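Structure first, then comments.
Chain lettering (A, B and C) follows the sequence in which the chains are written, and residue indices restart at 1 in each chain.
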Amino acid sequence: MNLVLIFLIIIFSSSLFFYGRSKTKSLAISGNIKLNALPKFYGYYLVLWCSIPALVFLLIWSLFEPVIIKSIIIDTAAKQGAIFNDKNEANLVYEKIKAIHLGTYLGELDSILKESALAYAKFINIFTNSKVVLIFGIIIASTLYSLKKIKNNNKARDDVEVILKGLLFVSSLIAILTTLGIILSLLFESIKFFSVINIFDYLFGTNWSPQRAFVRDASSITPAEYQELKDAFGFVPLIAGTGFIAFLAMLVAVPVGLFSGIYMAEYASLRVRRFSKPVIEILAGIPTVVYGFFAALTVGPFFRQVGENFGLTVSSESALAAGLIMGIMIIPYVSSLSDDVINSVPQSLRDGSYAVGATKSETIKKVVIPAALPGIIGSILLAVSRAIGETMIVVMAAGLAANLTINPLESTTTITTQIVMILVGDQEFDSPKTQSAFALGLTLFIATLILNFIAQRAVKKYREKYD
Amino acid sequence: MTKEERLKKRHSAEKRFRFYGLASIFVALLFVLILVQNIFSKGSSAFKKTVIKTEVFYNQELLELKNGASEKDIINADFYEVMIESLIKSFPAKNIDEENELIRLFSADAEYEIKKAFLNNNNLIGEKIILDLTASDDIDQLHKGNYPRDLPEDRRRISNFQLAIYDNFVENDKISKNFNNYYFTKGDSRDPELAGIGGAIVGSIYSILICLLLAFPVAVLASIYLEEFAPKNKITDFIEININNLAAVPSIVYGLLALQILLATIQLPRSTPLVAGITLALMTLPRIIIPCRASLKAVPPSIREGALAVGASKFQSVFHHVVPLAMPGTLSGTIIGLAQALGETAPLILIGMVAFVVDIPSSPIDPSSSLPVQVYLWSESAERGFVEKTSATIMILLTFLMMMNFLAVYLRQKFEKRWN
Amino acid sequence: MNKVKIKSKNLNVHYGQKQALFDVNLDLNEKEVTALIGPSGCGKSTFIRCINRMNDVIDICKVTGNIEIDGVEVNDENLDVVSLRERVGMVFQKPNPFPKSIYENISYGPKIHGKGDTKSELDEIVENSLKKSALWEEVKDRLDEPGTSLSGGQQQRLCIARAISVNPEVILMDEPCSALDPIATAKIEELIDDLKKTYTIVIVTHSMAQAVRVSQKTGFFHLGKLIEVGKTEKIFKNPDNKMTQDYITGRFG
């Protein structure tokens, strides 16, 4: 239905283009009027006026129609005597009613369902008809309006450009909408979560085991139940595990990345650089699931084998394996950025150092790196934010149990791993367990936001200094 | 310390420093090599499958079909008896246990393969023909040399009896390796020998196309606005900060966004390429806007001034001159963004693409998997056959990514103008 | 007349395909200021950068021929560039202090060369260098401030102090005043006059007036060739070559 409507709108508005163009042309010739824009702009003008209001209306309608119909149907079903204990049951009944309407329902029919299905069909009909009528009304009204405007020989090009500019502006607003969407969707569930679990109990609790959290009725939790719940949602082991794995990753990524960045910027010949830079950047282009697979199936078992040979117990999901592989993944983030940053240190500083007889490495260590330091720190912070937000490597190669440990040979878990573990498969909304994933997401979002903000400020400041 | 000693020390420090740099690059390159070598050595065998030449007897007594039966009748007919009968004849078994072991050498699809041969030629009643039947995963892995046969029997998935049959088959040239058509055409399966990435590839293609259709136009329009039209004010600054931050938001957060908004609020269908495409588009958008803006910025002001000077409007100067010149950079940025989206896994897991999907999706609103999610799913499976399949899937995924990146580089080098 | 300190014989320099210097033969005297003049791109900067082998920094640059300092070949592959540059300091066109404190800017050279092992020795070197470059009075109370916070002329004198700090024999100056205002320029010129008592100085300059003011000997370069060299007075009053004549009277340049 919607597709047909869109198609009709497009056909109609594009035919208006030709109409508008020829009309203004003939108008201009017969009336000997000087047009303010080329005839085709009058065509464009009509097209935009005719299609945009109708399409926007259709979009908004389609977004709200299902929600409204759903609440009406659930209401009518309730009036007929259906009893819903919670939202899930209501959803189920609604799905059943929909299925009856489509003729795909295979279960038993009772009178309530039958009646509701009829009501559903009725409402769908009403909604569809009124949608079609309204859309045609809008098209006709906006077309008449725009045709009238053209007659007055308005400046069609300017008007078209104003509308297009609006379109451009709206496109750039999508970024803000996305951010808003992220914040709202995280906050919405997090607030529910924090209304059950005290935020300080969450931030400072040292025990994380959401699989133990069963809540019969979220609206009335006894103090004893709360004690148990509190113990299931302690954030400390997660931030510790996340930080620990990120730290191990940085132990690999910072020296290797920094040294290769320095080598490429200062020593490498053009040929070496042209070859090695893209090859190192391959590391950033490999999907993280590939690293996860490699870490879980090759590196983890390899470390355990090596550990056994030395008489050490190494978990096959050790923090070491996950951290090492994550570090390798991050190398190009450090190396490329620090390469750029070092390259933008002015040559005159190097010349000054060479001129007093410093060797190349002395120049790099004592002049170039100190000068590039804010930029380098910025790139390392970006890499850290990358590491704590990384998901697949830790989901596949790090553990699931939240251990508070600083032994890299043991397994530990991270924020992202827990989000995936909680939300994978079927989840029931409205349980603290599911909501906790959003609280974790919010925490992660804020942490990476702060890191990025500082990093970008540092890099920007540095750029301004030498540009 | 004399001057000479000191100099010597400084020079060796120089050499050491240089060596660290070179060694670091070498470590990174070495890792790329090890990873690729590891994946390829594990995965390349997945493109072949082991088949067993078996004589199939379309026994009239066991089939309720006649020669020339219609396609519908054949599809509805039961070939189970024919299969059992043919399989146990392939090697002398003494008792029912041994017969079961023998049957387990073949894939669960043996009946279907026998049926398919009959579909191709419906005059086989009473005939005996030789068919290449797909072997079970255990035999497949054994034949490819991935499975150790020198373990004690109780630690092996293959019994001594099955080993004897296998050896006999090898001796009689009944076992061979064919091109693994199942791997490319089938959907997911619990049996490694029957599992394929057909569904995942189709799912990935749908997702990426939707992502492209949504992200590309919006990204281009937004970049044009920000680079060419946006006034210098707080709103513009705010949009820019937003874009930069969004580009660095962990991908899993986009999964949470999709879960809450697309699935819970708008109630789009779970596990579908449609939702995946929208999620990836939101994620990719800032990552495309950034290179788009860079290539718009690289077009020198003289071009704009030239157009304005002949009386073009601001819009005309931008759309007729600046945008076409920036297109190569824009396209290559888009392709690189899409390549990242193609490899993205975490948000897709959250929107339910980890569902077990056997059918190949026929539209973007059918439940589906995607290539990287398939890698994740299979890597969790214990069977040896899945290790091979996972690695092969990674090979396919990397090949796609490589092609996209080459295309991006090619576009840039071939069409991009250098302004100096 | 002082003895010859630096001697170049048939010096040729190529940047990739392009030849920048053609068979330059030039003697530079000890404890004297030699000015090199000529239009831009004539090779004078290239020439002084050969003396301390700063051209090594540029990949595509190839130097052939000889340059000797006290009879020792500079272009010898086995010669240690680091100790060469310790003996031959350089001041650049634009002041390029390190983004560090004034103190560190000057102590940097002595530290890497192992001169001044103790703090007090270093302090002394820093003080002496700043005094020699006539900057001490202006900065003695703020040695911890970044070198980049000084004015342009002060920055350039800081760079001269930095060059002096390792106690070189030769100081090369590549248009040291081109980025400075007239007052700062006058100060630097005064300083150069003072420094020539201790050091051999080679200065590249665009300003003929400056060459007259500071130098005892002048060489005129054109299109990579050394056209004429001689006592400054002679070059500016009565040059042998027609081209030199045209240049100093402002007919081209």
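Note that in this section a residue touches a chain if its C-beta (ideal position, glycine included) is under 8 Å from a C-beta of that chain, and two chains touch if they have at least 3 such contacts.
Fair warning: this is a prediction, and the values are worked out from it, not measured in the lab.
Taken chain by chain, the contacts link every pair, so each chain touches all the others.
Taking B-C and A-C together, the pair of chains sharing more C-beta contacts is A-C.
A simple rule picks the central chain: find each chain's mean C-alpha point, then take the one closest to the mean of all protein C-alpha atoms, which gives A. Averaged C-alpha coordinates give centres for subunit A and subunit B that are 21 Å from one another.
With each centre defined as the average position of its C-alpha atoms, the distance from subunit B to subunit C rounds to 63 Å.
Centroids built from CA atoms put subunit C at 58 Å from subunit A. Shared contact sites, meaning residues of subunit B that touch two or more other chains, fall at 10-11. Counting partners per residue, subunit C has 82-83, 112-113 as the residues that reach two or more other chains. In subunit A, the residues that reach two or more other chains under the touch definition are 359, 362. Of all residues in subunit B, those touching subunit C in their complex are 1, 3, 6-7, 10-11. Here subunit A touches subunit B in the complex through residues 63, 66, 157, 161, 164-165, 167-169, 171-176, 178-179, 181-182, 185-186, 188-189, 255-260, 262-264, 266-268, 276, 279-280, 282-283, 285-290, 292-294, 296-298, 328, 331-332, 335, 359-362, 364-365, 382, 385-386, 388-392, 395-396, 416, 419-420, 423-425, 429, 437-438, 441, 444-445, 448-449, 452-453, 456, going by the rule given at the top. Residues of subunit C that touch subunit B in their complex: 80, 82-83, 112-114.
Of all the residues in subunit B, the ones that touch subunit A in their complex are 10-11, 13-14, 16-18, 20-25, 27-29, 31-32, 35, 38-39, 217-218, 221-222, 224-226, 229-230, 238-239, 242-246, 248-257, 259-261, 264, 266-267, 282, 285-286, 289, 313-315, 339-340, 342-346, 349-350, 352, 354, 372-373, 375-376, 379, 387, 390-391, 394, 397-398, 401, 405.
Taken together, the subunit A residues at the contact with subunit C in this complex read 269-270, 346-359, 362, 366-367, 370-371.
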